[in-house]
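In the two assemblies presented below, subunit A is common to both, partnered first by subunit B and then by subunit C.
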Partner chain A sequence: MADTDAAPPRPRFLRSDGKEKVTGAGRYTADLTLTGQAFAKFRYADHPHARITRLDTSKARALPGVVAVVTQDDLPDVRFGGLVQDRTLFAKDVVRFEGEIVAGVAALTEEIAAEAARQIEVDYEPLPVVSDFVAAMEPGVPPIHPDLASYEKDENVVADGNTMAYSTIVKGDADAGMAEADLVVRGRYVSDASQGVPIEPRAVVAQWRGDEVTIWSSTQVPYAAREGVAHTLQVPEANVRIVVPLLGGGFGAKCDLHFEAQVAALARAAGRPVKLVFSRREEFTAIAQRREGIVMEFETGVTREGRLVARRAKLVLDKGAYCGEGGFLGQMAAMHACGPYVIEHIFVEAFLNYTNNQPSGSVRAPTAPQVCWGLEQHMDEVARAIEMDPVELRRRSLIEQGAEGPTRQIFDEIGMKRTLERAVEMIGYERELPEDEGIGVAVGWWPCMPASSGAYVHLNGDGSGTIVTGAQENGSGAVMAMPMFVAEELGMRPEDFTILYQDTAAANWDMGSCGSQTTFNSGRAILAAAADVREQLLDAAAEELEVDRQDLELADGTVRVKGSPDRSVSVGDLAGAGTIHGKGSGDVPEVPGGDTGGCVGRLGNETFLAPQLITQAAHVKVDRATGVVRVLKVAAAHDSGMILNRSGADGQVTGGVVMGVGLALSEGTQLDDEGRQRNPALLDYKLVTSADTPEIEVDWIQVPAKGAGPRGSKGVGEPPQVPTAAAIANAIASVVGTQVRQLPMTPERVWAASRGAGA
Partner chain B sequence: MKTAATLTVNGTDYPIEIDPHRSLLKAVREEIGLTGSKEGCDDSECGACMMLLDGRPVNSCSYLAMQAVGKQITTVEGLAGGLGVGALQAEFLQQGGVQCGFCTPGMLVSATALLRRNPRPTEDEVRLALAGNLCRCTGYGGIVKAVMETAAGHEPELASPPVHEARHATHRAG
Partner chain C sequence: MSRSFTSAGTLDEAFAAIGAGARPVAGGTDLVVGARQGKAPLPEAIVAIDRIEALRVLDDTGGGLRIGALVTHEDVVASAAVRSRFTALADASAIVGSHATRANGTIGGNVMNASPAMDTGGPLLCLGATATLRSASGERVLSLDELWAGPGATTADAGELLTAIEVPAPAPGTGSAYVRLEYRRQMEIAVVGASAVVTLADGSVSDARVSITALSPTIRRVAEAERALVGGDGGDAGVAAAARAAAEGAAPISDVRASADYRTAMAEVVARRAIAAAIARAGGGDVPIPASDALYGA
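The block that comes next holds the complex of A and B.
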């Protein structure tokens, strides 16, 4: 049986990009300068929703120093978007949110570019603004995309009116289940939108050479960016090369096609390289990636013994103006409204609604932290209703091996319940606390994302090697750890390898740094390539040493005869002729089956492959007079399968928990009545600082995951943020005596809740 | 209208021509070509642009380049000299204080300023001293630990004259 202590010790690993990062020598996209480069600025929409009646760029074009002005009229008339193709690179006829780009300008200086963008003349006919995402689906509300029915879309998308995608998770008969229950408990929770906020604002530099373009971009998903550029500019993917210099964080906010194509279009029009660097304000308002606002209504039928007989839930999510890559958000949210529980009857529906707000997209475990925050508070309410301890209720109702998921997926061996017991132990759940302190517990889950990937491993004549991978390093260290795995496979040292990565011209398609999938998929491909090299080395050494392959082993940079280490040949000598080139992809794990026939809008998340399972427990102190909450400690126990790089994995949890503390207490995008952001700056959108962070204790429940990632691993990076806000919420409620029903749980909201004023 | 000025960065004098409205950050990044200092917000909120001016940390995004004339400017590139890695940098890597690395230059500068004025800080003092530097990756624990470990292990070294002055002297001598 797997045990937390059973993992083999590994040498402490120092990342190979570390030196350039601590000396200031490392280059991020904004640090690049190309000879003759011009600077890009965008002219954004002047209304959140309006028809463009006149667009005149002549004054901007005439301004000395301006080298290009581009509008949608200059580009192929194609729309882009993940599951629904609903957007053009620049606004076509209508603007639908404040960050919509009407035109782009390139000029010799940033100042001239900014002035030229101002001098573009745009007349508008304002249209009704729909910012309330629940009201958006009411009858009579004007459609934000009147032509939605005619847009290209995934065949499984169920769209209607302003609902871009409707999805359900259905199991059994929820009505009958509710009737059978001893008690039915209801709860409503509202989460504000929030932001990923990587510290690096995005930057793009594009340079054409004939019909081919190289684009340096701070993207998490270079291959998706390449596909998007090729599609929107109607050029072959082979002509588009995306290179990612060091990436200054992403957290999902740098997923999807984002401005690479607009900058490439400007560079083509200007006949010179063009560079775009975002301000922090643009990083808040113009990107199509934020954590969506959600209104959640839960209803749970339960027996007095804590059996979850039925769950109904209605989720309404704010999609914002465009689909982007976030078409799946509603369905993903629906799975989180079920949670990692055994529930006999389920009917959960999710409405992903268009509004004139900033588009929503993947931000670290998209939808899960908000829905978990609502559901786990609801579960504490259920426990209270049946007068049962909340941990005991979870003990009785969490999934385990052989249990049935929301769509009758049957789980393999999993550590869900062990994470609960471990987190409760670490936080000291039973102990006495002062009356202004409390402990809350929350559980959550997140699927592994199967995807194809490919890698090469080349060996050089001096015994060094190069790993070529499409994987993207977002900072987590997932790519930086690859030499460690390859070296182990080949009996070499991690420092023998360099990595060629973040260049679409070098390696095969990869999903990018999203979905916690880098080790899971890219790692599988790299290990397969290393295994290919291993076979080639064994073949070559068997010939060289005139021994049977099976008598050979790889160690210390050599291939040698087992038991006779002096009979050996070095890897360098074997590779000297330059013939050792491995490649690999590995077999993509299959998503488990289930009974999903009754579900509407099936977009691929109806079952969860190798779910990552999490319990976090939070210890907080609440000042009732002010509503100010201080998080003292968070205990995090995670089942991410086998942990391959402990220090890297721990770093994901500590970072994710702190991000979760921000989501819980301070991070919320505030909108005015017309969907304009009121706090698009770090002065008013508050991240957690080093002075605010709690003590964080991390432990891993290492259960080898079947049919999942390399060596029994699962993903690691997204789950840490899933239950943090929920655990803090339950801790706050234990002090103030009632749930805080709006996220973030600001002092004002906590204060109001504690006074029974509602929040 | 550009003005001739000399900025002294990491002990080296750089004669440059700059617009008077240029920030110190832009001058150092774009005119001098030292891009280690980052722009994260242009609003003194994130600390990625932190430099030392005569040993005091400032957000260089909100400081005019012209105001820095005649002062000793230290950037991340000057903390350990070229591609060398000093004790503090090594501890940042060792303790998991570096992930994406974008906040790292500013963190290192702020931590250096702290250790110079307070060679044996408490953990609370470290956390307060770094509260003007935002990190979104690590959760700060590795960074704080790196500063504490550096303080514990390198006390004698930190009692010596400030690094930038020592380097300045070396530069002039060499």
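The block that comes next holds the complex of A and C.
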């Protein structure tokens, strides 16, 4: 594989958590056992939408072995949520989806806890269930949150009826643009909801000591969890410590506050530690983090030469019952309905609607894979309409340096078009294929997320070092790579450092393992802390060696005089007094400006900082008689700026593509008429297996990103999943002769589309 | 919650436990997984029979086959006798669940679980296999038709244990195949499956057996499909007619896995492929095991 911009040679690096994970020695949250611990179980709603008329916990409390029962009546009357605070820890008066928690129980055994949860008596007055997220916004449909107007919310949220947030992306005059176009092409696409499915189900253990609580949790966002516990239980953040043992995957599904506060409340009531471990079913139904269903309508005005004159789009998204951290999803989806294209006039609107379905939230590149899947099929339809090769249409219309984004942000040097050419080259776009095989191409983008972060680098008396970071390791290796970067700054070896991480009592606030931001923001902080150490070492060595600082360099675990390596002092000697401690945060990059004045519901995604740019090409084989699709190869060419850790970055693309194959072909949450999940289990929610994994070829277009991440880098983790389903969709369409308009593109849907095309 | 667990070293110990009300468990790939999914709680009493070596033997009886109840799918696929003369069974055992399922799951468990979606059921039924049931008081032999009573139900008494599956020697010139609709390549369950056992003599089909899987309450043979083949030349027209008849014999449902319409259409496709593969094998052609993989390509 060509590595066009070779990184400096680097010694072989083994991540420090690798061996324990591979051998099974590693300990995850569910592996923790505390003396005297009790076990938690939740009582879930018996209706997807109902008013609670009676809640009687007396039988459960009387059951021998039960040590605590908690309902919302026992807790502060506060609501939580990101942009809209619309939820309480336990149901207050009304249940709004099947996974709503009515009460929590702690007991000496799991079996007693389960029995006690069953014995809680709840009477309901059923309310009309709103599961269809498009119908949810029609006049006359009862509101799911009648008190929405009075909830605390972000001042930029535009809410109305069951629409929790309405957002638009506007540029120029879309009507005029359509009138000017040679052709106007329309397309409608529908994506089902899907799930993140980390293999480790959620687990939480809470233990109080006086007024302070320590919570071990399988979270991607320990600081957000700390804020959530402090807010909902009304205790100071200083009294809440979140510790994350090894995390068994997240994919976004373990973002946000998730059950830490309920377990802490149970532990406080029980006067003993309490442990919660989710079943796989709960991991599907009770979490408030899934990929949202979306109905997309695109309209593009184009000239015969492939100039995109105008884009209109209407997106309706299923928010589910509560906001959670996903209040921004509509506006993010709207940006992806524009895509990384030069379009002269734009009007895109997004409705993020409440329903009685499971709440949706961030799952790896939230909204982007579904909207990209719709838009990129639509772009292939546009190409067909003007009788132009779809790659050629993209060649003519993708963004490049100096181009204008959807809100007139001007791009610096970017590798978008180079990713297209490279992916097309890797897949062999022009070659002849058997009639049941096809190639599809799709492009996508994803912003970098600027956030504050902070880190410490301590040198110990023997010259070893400890890195203290708030960053969360989700499995990607982003945190595990930190010793490599620090060692390079200090002329030391990666193995000289250990990492203290995933403990909110030890390190600075960090956004968590989300938004592809760990290397981007935490890496910046760690490099700043290492630079601080470097300065201190240079000062100390200059004094020790009686030379000018300018003449010194750090290498081989020493500070030495340039050109006279025998005049040196070891880092161990300099650090002997234990006084060398570095700290750093670095400067948070600024989101670029644009002409955003025409947009409604501006929630911060109107422009994209240092966009990560992607082209993927998929080669598939379609069994027309059954609709079964096998993905033979995916070629992925990405601009993520400079790549700091090639093996880690490649791993993210491999995993993202595999996840994308699942999203494309088999992963979909099916709902009944009342919003209950019909396939909340791994037998019928079909992840792809290693046997289904295609050949994946990866290359990086390394363009140094200005004003972005450390050493010219951008994020890496989310983009790999953005265009995979889209590329597969276009490949399928090239074989069956028509687009498959519903995601996932299951065998039955491909078969039905194929028959429709043949008729 | 399970109250007692016995590990039997011999058949007599197993019958003692079963007589006292215990349910047998071998690989545990149905019982334990089902309990975890909340399908049915674990029985109050369980007797593990996995240490009874006598049940672990796969005997090539010189033409026929005797498969001990504890023979795993992995053992079945590895058997040269199965691969050469009872190929449909190898097709099926090769695609049950995952590597782990095949290493732990047993042929006896598969048959006695009586799922209408079990992979090995169709091949065994078409190959004319019988089930040997033993109890403390004696032994009886049932055809699989007689054994399976409905989804998850058999006619075995509570005190009976399946000890072996016996498969008679196929006639010379016989080929067989099992094909399943597969959404993914591992960890799959049959949504639609079909088995065919076809004997060719002097260029025509002298005997044919065709069954459908996951398309009716129990796996069943479709006589109309078999009639459409027998006496014919085994060419495309006959195969297509038999496949249509097999699909007409289905009683499909609509559920989370597929609509009834799709199941019916796939019954025809999958039956056609199974029959064609069986005929090809009967004629000495090489269709790799498992046939499902080969037919989907790549």
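We take it that the second predicted complex is superposed on the first by the 752 of 759 C-alpha atoms of A that agree within 3 Å, B and C clash if a C-alpha of one lies under 4 Å from a C-alpha of the other, contacts with A are read in each partner's own complex, and residues count from 1 in each chain.
Note that contacts are C-beta pairs under 8 Å (C-beta built on N, C-alpha and C of every residue); 3 or more make two chains touch, one makes a residue touch a chain.
Because the structure is predicted, anything quoted here is derived from the model rather than measured.
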| item | value |
| --- | --- |
| Which superposed partner A:15 touches (first subunit B, second subunit C, both, neither) | first |
| Which of subunit B and subunit C A:751 touches, first, second, both or neither | second |
| First (subunit B), second (subunit C), both or neither touched by A:246 | first |
| Contacts of A:647 with subunit B and subunit C, given as first, second, both or neither | first |
| Of subunit C and subunit B, partner touching more subunit A residues | B |
| Subunit B versus subunit C as contact partner of A:681, first or second or both or neither | both |
| Which of subunit B and subunit C A:25 touches, first, second, both or neither | first |
| Partner chain(s) touched by A:657 [first = subunit B, second = subunit C, both, neither] | first |
| Subunit B versus subunit C as contact partner of A:689, first or second or both or neither | both |
| Contact residues of subunit A, present in both the subunit B and the subunit C interface | 681-683, 689-692 |
| Contacting residues of subunit B [partner subunit A, same complex] | 29-30, 34-43, 45-46, 48, 75-77, 80, 82-85, 89-90, 92-94, 96, 98-105, 108, 126-128, 130-144 |
| Residues on subunit C engaged by subunit A in the complex (per definition of touch) | 1, 37-38, 98, 181-187, 189, 256-259, 262, 265-266, 269-270, 296-298 |
| Residues on subunit A engaged by subunit C in the complex (per definition of touch) | 111, 281, 621, 623, 625-626, 628, 630, 632, 665-666, 670, 678-679, 681-684, 686, 688-692, 746-748, 751-752 |
| In the complex with subunit B, residue positions of subunit A that touch it | 12, 14-15, 17-28, 30-31, 33, 197-201, 246-251, 277, 279-280, 474-477, 647-648, 650-651, 653-659, 681-683, 687, 689-693, 696 |
